[in-house]
Every structure is written in structure tokens, then in C-alpha cells.
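What follows is a set of structures to go through.
Presented sequentially are two complexes of chain A, the first with chain B as partner and the second with chain C.
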Partner chain A sequence: MVKKIEGLLKKYVTIDILIDISKSRLIGTMANDREVLREIWDGKLPICFQLAQEEIMEIQQPDPFYVMVPRLSYFPLVTDKMKRHFLRYISQENADSEMWLDYNGQPLKWHYPIGFLYDLCCGNDPQLPWTLTVHFTKFPEDILLHCPNKDVVEAHYMSTVKEADVLKHRGQVMSTMQKKDHNQLWLGLQNDKFDQFWAINRRLMESHGENEGFKHIPVKIYSDDGLCSQRLVSPKNNDGSRKTLQQMTSELYPDKTDVKLRTHGVIIPAETPLQWLSEHLSYPDNFLHLCLC
Partner chain B sequence: MGDEKPSDDSQQNSLSNATENLKIEEQKENGDAAKTDKVKIDILLKATGNAPIMKKKKWAVDAEKPIGWIMEFVKKYLKLEPDEKLFLYVNQTFAPSPDQIVRNLYECFGTDGKLVLHYCKTQAWG
Partner chain C sequence: MEGGEWRNSIVSQLQTRNKYETAAFQDIIAFQSRLFDNVNTLKNENLQLTLVNERIRFSGTDSVITGTGGPSNERIQALEQKILVQQEELTSLHRRRGENAQQIMSLNEKVHDLEKQLQAKDVTISENTALIASLRAEIQMYETNMTELQGLNQVLRDEHQALQIAFAAIEEKLRKAQDENRSLVERLIKYKAKDADKMNEENEHFLK
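Up next, the complex of A and B:
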């Protein structure tokens, strides 16, 4: 098992080459960096799930459950097997109650992408595999949203894509798509099918009008306490030049210098243009999820 | 969105109770929000579909409140059953996450100094 995990870790480390890719591409054209999209899509995290001690009703302790999960996915989409593994160790009266996860006592929000949650919790102090605790009782009502089934994840996901499209194109791309396109987007993400997903997502990443670039950049910035801040951010400066990450942070945080932001496990170079960042490093919900570090 | 129908009188009896319980602050008639340390944001609640209208549509809300809190407020105001659903929409397009705070939506989608939220009892815009 240890060897297997080590192998998987090596695979994970390849995400570091992303930094080089993004730097080299900044000089060139901003279009069609499929290689970067692929690297982001393939980013995975090794996770070690452990059942909370207080839930264990059997004399025999359950083995931890190890799994590689896509960084871009959501926990409810990748935890069916894990749940089945632990069900026989818990009190049967809790078997139908809603499962939830915590890291170091901090409940994890299922409606955030997995990779983002890891960056938020462990970005400054990487821990692999990421060890999470599984619960079936004491659902933290005041912190987590309920997730009775995957339809709820889908509804949340589609709504976030729509919000992003309102920011980018006044919602015109999503509203002109057919229901089957929306389904394809979701199924591509759910089933980890890059081509299926990007055949549709490509249209959401196009710029419209005479100007190149989105109307606004869908971006959420999180401080380490998990608080999310969302502001209207233009991909361009007043003089029409491309706005960089650095220029955005100095607008949003005029009092701070040297603001560093992390996404997909990478600290983003400050000179990266926002438009490129949005087209290539957004999560499947079409938002950039950036962690202050 | 034909939401300016005459209000249903039966809705009005214990509105003050609902509002007091939830401590949502009324915008004064002259437009001056009560002076407190907390930043308030004006929201406009508009009914759509089959949802009953609210007699009072404009409210000043603490900027850090989550959308889920506003949903609970509207449900109480309209005296919906606990199992009845309520959907809130921004820009008549998307349903914000219940843990999204009002300030973030106002910053991105506010118009004319307020945030317009449409509510309905069935899914309206997917």
C-alpha cells in the first residue's frame, strides 16, 4: 500500500511543471493552451479516509481507505466506495444519515472543489496523503449545506457556471445552450471525461464582442479562515492593457504588498494576465478559486 | 416580472413578528438606514411565478449575512411550511449558494445601489 501511494505521489508532483508552462506561455498567444488545460484536469490528490473513532461500533478497527481523487471534482462524486467500506463498522441506526468529512476538526464544504479545499487547508503545509475523518453523526448544521444526493451537487454546479457566465458574457452563452449541452458539461465533470467536458466548456471560455476578453473575470478569493471575497474584476486596465494578477491584488488590497495567491497547488506568478488565468486555471465551475497565502 | 399585484391581506397579520424575530432592519421611509457600525446593504425582494408577494419589498440587510439567512427570513415572512421550498435568484439567472454572503453578490450584481433578488416556490431559472 505504501509503495502504491508513493507512486501516486510522484504523479501528483508533476503538477509543478505547470508553473513553467504558464510562464512560457505568457509571452506567446493567449489562445488554446490545451496542454495546460490537460495538466489541470489530470491533477489528483491522494486521500486517506479514516472513520471517526466515536463512530466505530465493531471490535475490529476498520482499515483506512486510500483513494486518488481528481482535484477538480467534488467529494460527493468520489466517496461512494469509501462510504460502503465504512458502513459495516458503524451503528446501523446511523447508516442512512448524511456522511460528512473533516480535516483537523474543520468540517469540509462539499460544494467546493476538492483541490481548492486542499489548497485552503494545507496549501502552506502540504500533507500527503491528505488524511480526512469520516462522520455519520453530529452533522454540523451551522457550517455545512446538506447534500442528500448528487442532483444537489449538479444544481449547485450548474448555478455556479451560470453565475460565471453572467460575469463573463452577461449570461448569453449559457442561455443559448441547449439542455443537452448543460448535461454534457456536468457528465464530463462527473465521469472525468476531458474531451466531453471541454467540447462544451470551450464555448464558455470564448470572448465576445469587438474586444478580446471577458466582461468580468469570475474569481473568488479566500483568506485562510475560509472567508470568500468576490468583487467585480475587469480583465483590462483603464488604458486597455491586459490586467495582471499583481494589478488586481494591488487594487483589491491597497494596504498589502507582496500578496501571493495559490490555486491548483501552485503559487501563481504575479505577472500572469487575468484573462489567460481565467481561461486556463478556472475550475470546471468557471470560477478562479484563489487562496491567499 | 408581473409582481405588482395587490397584496393578500392574510399575509399581513404577523409580519412584525416575523421581522422582529429575524432582526432584519427596516429601511426608514426617508431612506436613512439606522446608524450602526455594521454595513447595511439594500435588497429588493421580488416575487416571481406562483410566489406570494411581500408587502414590503425593500430591506436593509447586514452585508455579512448569508443568502440562506435571507431565504429563511422570506419563508417566515410568507409563512411557508417548513417543508415548502423557496428559491432565490440573482439577475433572474442563477441561484446563489446559501452560504454566499450578501456583500459579495451586491459587489458583483448590485444595480442602482441595491441588490435585486427574485424568489419563487418552484425552480424558475434552472
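Up next, the complex of A and C:
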């Protein structure tokens, strides 16, 4: 009689455990907090483009060009109209040369997302609208990559996504996708279509295998001077618990105590779990771009 | 959904961010860009109108001398209309010219390509004719060879026939000779038998 009761109890306990596991699994795979994703996607920056003084070839000063650009986009994707506007004011022999941008004399790298560039340059001292200078001559060969057309941006973007996927799932998700999925990802970003983009991107944000979470977290941390450091970061501590931002910074910067990181114009709370952070606050290239501040 | 202090903090920071960075500027920049476009179109229009004006003044100087206020105004309007129409025509003609130039270029390229193809074909044709000639010569050679062989064959066949006839004749002779031989042997046997009989008779007589 006693043995029977014990057996029953055991059964109940195991069922409880099973329910717990299935709950946590549900949370793990359902991790797309649409509210956060939408707020991030909708972030736009007002930008004021001005032509560099020494390149103006007309008597009349060109008007500055104001435009709202998505924080997640890249500069070569949003500057067509601006370029057409300024082409009228520069000398004809420079009309075919490549355009580049600077902020306060510092050339801006087109292969970073716009929002990240703003956080890097003006994170501590927000100045809106963000005033950028447009150049057509003296391309800084040693700082910037050339960008002859949008295909180059696409190639760079796809390769960054692949790199992130290798860190997260050993590259399995990207390689099982078809060419049309890759296209949809890129077109969704290029045309600012949230649903189109996330239909594909959520597959990259899912966890695989028996253990919840990614293999490693694709993260790049930048200091004030724009230097980037990229380390192998696991989403879990050695004991299997979720790693938080605090724990990562104390591992990476043992000598600093109060490290604050900014991304998407937001200071991240220290107790945020890294897995959640990577799933929700990554840029479209699937990397977390964090600025030290 | 997962959540906690940190999530609320992030969401509220994002909302403030969007309020401050996006919502505050969205309308004013949309308005600015609309004004910007408007200014551009108006500038262009202005430029065109001054051009038209200039032309009218130029062509109108003589008509002003001759005509009076009312009708000259009408005439100016008519001329304006005409100029506008002609300008449109001019732009369309320019466009056509550009298109045509483009077409000519592409057609030239095509011609070039085709010429190249033609040359390649010529080369293959000459190669092929050379081949045909050599093959013809070969055929000729083989034909003569064949006639020779046929003649030879004929001779051999005739010879064979003649030999066949000779053989038949000789065979006939042989048969006759054999027959003769056989009859001679028979006769010899007969005579020998007779001789033997005679000898036997003589012996009997002798013994008696």
C-alpha cells in the first residue's frame, strides 16, 4: 500500500517537471517580443546634409538637405536623392567620383548601420538634427571602403549575417535558407518592410538543439575612438544559468567597475540577459553593436 | 513574455528615444522636403518662364511697333502658345534624337558582331571547300583504282574459264583412257585364264 502511494507521488513529480520544462521551452522559442522589435524598427533619425564648402562651384549656396532615415539602414541606401540635389553645385569633373560623408571631420563608415554611427559619434551629446558634411573629392582611401553601388552593401550585409549565424548556430540556418529567402531579408531591410524582414529574420533568431540559446552571442563592442573589439561570448555561465550584461562586462573589463553600454540610443540595464539582448536588440546584420560610454 | 525591470527600462527608453528623435522631427522634415520639392519645381518653372518671356520680348519688338495694344496682346498670347508647343516639340525631338543615337550605337555594335560572324563563317567555308577538293581527288583516285581492279578481275575470270574447259577435256580423255585400260586388263585376264586352262589340260595329259 505504502509503496503504491510512493509510486504515484513519483509520477506526479515527474509530470510537474515535464510541465516546467515545456513552459521554459515555450518561452525560449517564443522569444520575439514584438513591441520591442517594432520600437527599434521604427526608430528614425533626422539628418541634415551639407555640401563641403570647398567643393561648391556655384555662386548660389546650396540649401542643406534634410531627411529622416531609418536607424537600421545604411547610408548608401538612403542618399540617392541627396546626391542628385548636390550634384548641381559641384564641378562637373567630380560628378562621377564617389561620394562620402563626415561628421566633425571624421569620415563615416557606410558599412555600419546609421543608428549605430550616431550612437558612436553623438551618443553622449545628442545633437539633432544630425549635421553631416558631404564630400565628392579627396576620398579617404585609408579609412573608408569603396562603395560603387548597392550590390556592395548587399554583399557586405549578407556576409555579416552569415558571420553572425556561424557564431549562433554554426552557420546552419543561413545555409539551409534559399536564395529567395536571402533576397527577402535584404529587400525587407532596404524597403523598410518590417513583416517581410522579420518573417525570415526570426528563423535566424531561433535557438536550435536541446540546449536553449545560441552557441555564442555575436557582439561587437566599440570604444569612443571607434575601435572595435569582438570576443567570443557565450550566453550562459559555466553553471548553466543565463549570463547577464553585467557578468559579460566584468569578464571583458575586469579592471573597470561601472561599464555602461549603449545601443539603439538606449543604455542597457546591467541585469539584462545576453540571450534576450541578442534576440531583440541586434541590428539587422544580426550583430549587437554596443558602444562604451 | 519574459520580462522584468530591465525590459521595462529598455522599452521606456526606446519609447522616449522614438518620441525625442523620430516623432519630434518627422512632421517638420516631411514638411521641409515637400517645400524643398516645391521650391525646385517652381524654380524650374520660373526659369522656363523667363526664357519664354525673353523670346516673346525679342520677337514682339517689331509687332509692338506695328500693332496696337489689344490685338498685339492676343498675338503675344498666340505666339506664347506657339513657342510652348514648339518647345515641347523640341524637347521631344531631342529625346528622340537621343534614343536614335542610342539605337544607332546598338545597331552599329550589332553590325560589328555580325561582320565578325561573317568573317568566321567565310573562314570555315574556305576550309570546307579545301576539304571537299581533297576528298574529290581521293574519290577520283579510288575510282580509277576500281576500274583497274575490275579489268584485272575480268582477265582472271576469263583465264579461269579457259582452264576449266581445258580441265574438262583432259578429264574426258582420262576417263576414256581408264575405260580402255580396264577392257585391256579384262582381256588380259581372259587370255591368262585361257592359258592357265590350257596348261592344266596339258598337265593332265602329261600325267596320264
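The criterion applied here is as follows: the second predicted complex is superposed on the first by the 263 of 293 C-alpha atoms of A that agree within 3 Å, B and C clash if a C-alpha of one lies under 4 Å from a C-alpha of the other, contacts with A are read in each partner's own complex, and residues count from 1 in each chain.
Just so we're on the same page, contacts are C-beta pairs under 8 Å (C-beta built on N, C-alpha and C of every residue); 3 or more make two chains touch, one makes a residue touch a chain.
It should be emphasised that the depicted structure is a prediction, and the values quoted were computed from it without experimental measurement.
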Side-by-side fit of chain B and chain C on chain A, or clash: fit
Chain A: partner with more touched residues, chain B or chain C: C
Which superposed partner A:Val266 touches (first chain B, second chain C, both, neither): second
A:Ala52 touches, of chain B and chain C: first, second, both or neither? neither
Touching partner for A:Tyr66 - first (chain B), second (chain C), both, neither: second
First, second, both or neither for A:His156, with chain B first and chain C second: first
Partner chain in contact with A:Glu35 - chain B first, chain C second, else both or neither: second
Contacts of A:Cys122 with chain B and chain C, given as first, second, both or neither: neither
Minimum Cα separation, chain C to chain B, after superposition on A (Å): 26
Overlap of chain C and chain B interfaces on chain A (superposed complexes): none
Complex contact set, residues of chain A against chain C: 27, 30-31, 33, 35-36, 39-40, 42-46, 63, 65-68, 126, 128-129, 264-269, 271-272, 276, 281
Touch list for chain B against partner chain A, complex: 68, 90-91, 93-101, 104-105, 107-109, 125-126
Chain A-facing residues of chain C, complex: 1-2, 4-7, 9-11, 13-15, 17-18, 20-22, 24-26, 29-30, 32-33, 36, 39
List of chain A residues in touch with chain B within their complex: 109, 111, 145, 155-156, 158-160, 162-163, 166-167, 171, 174-175, 182, 216, 228-232
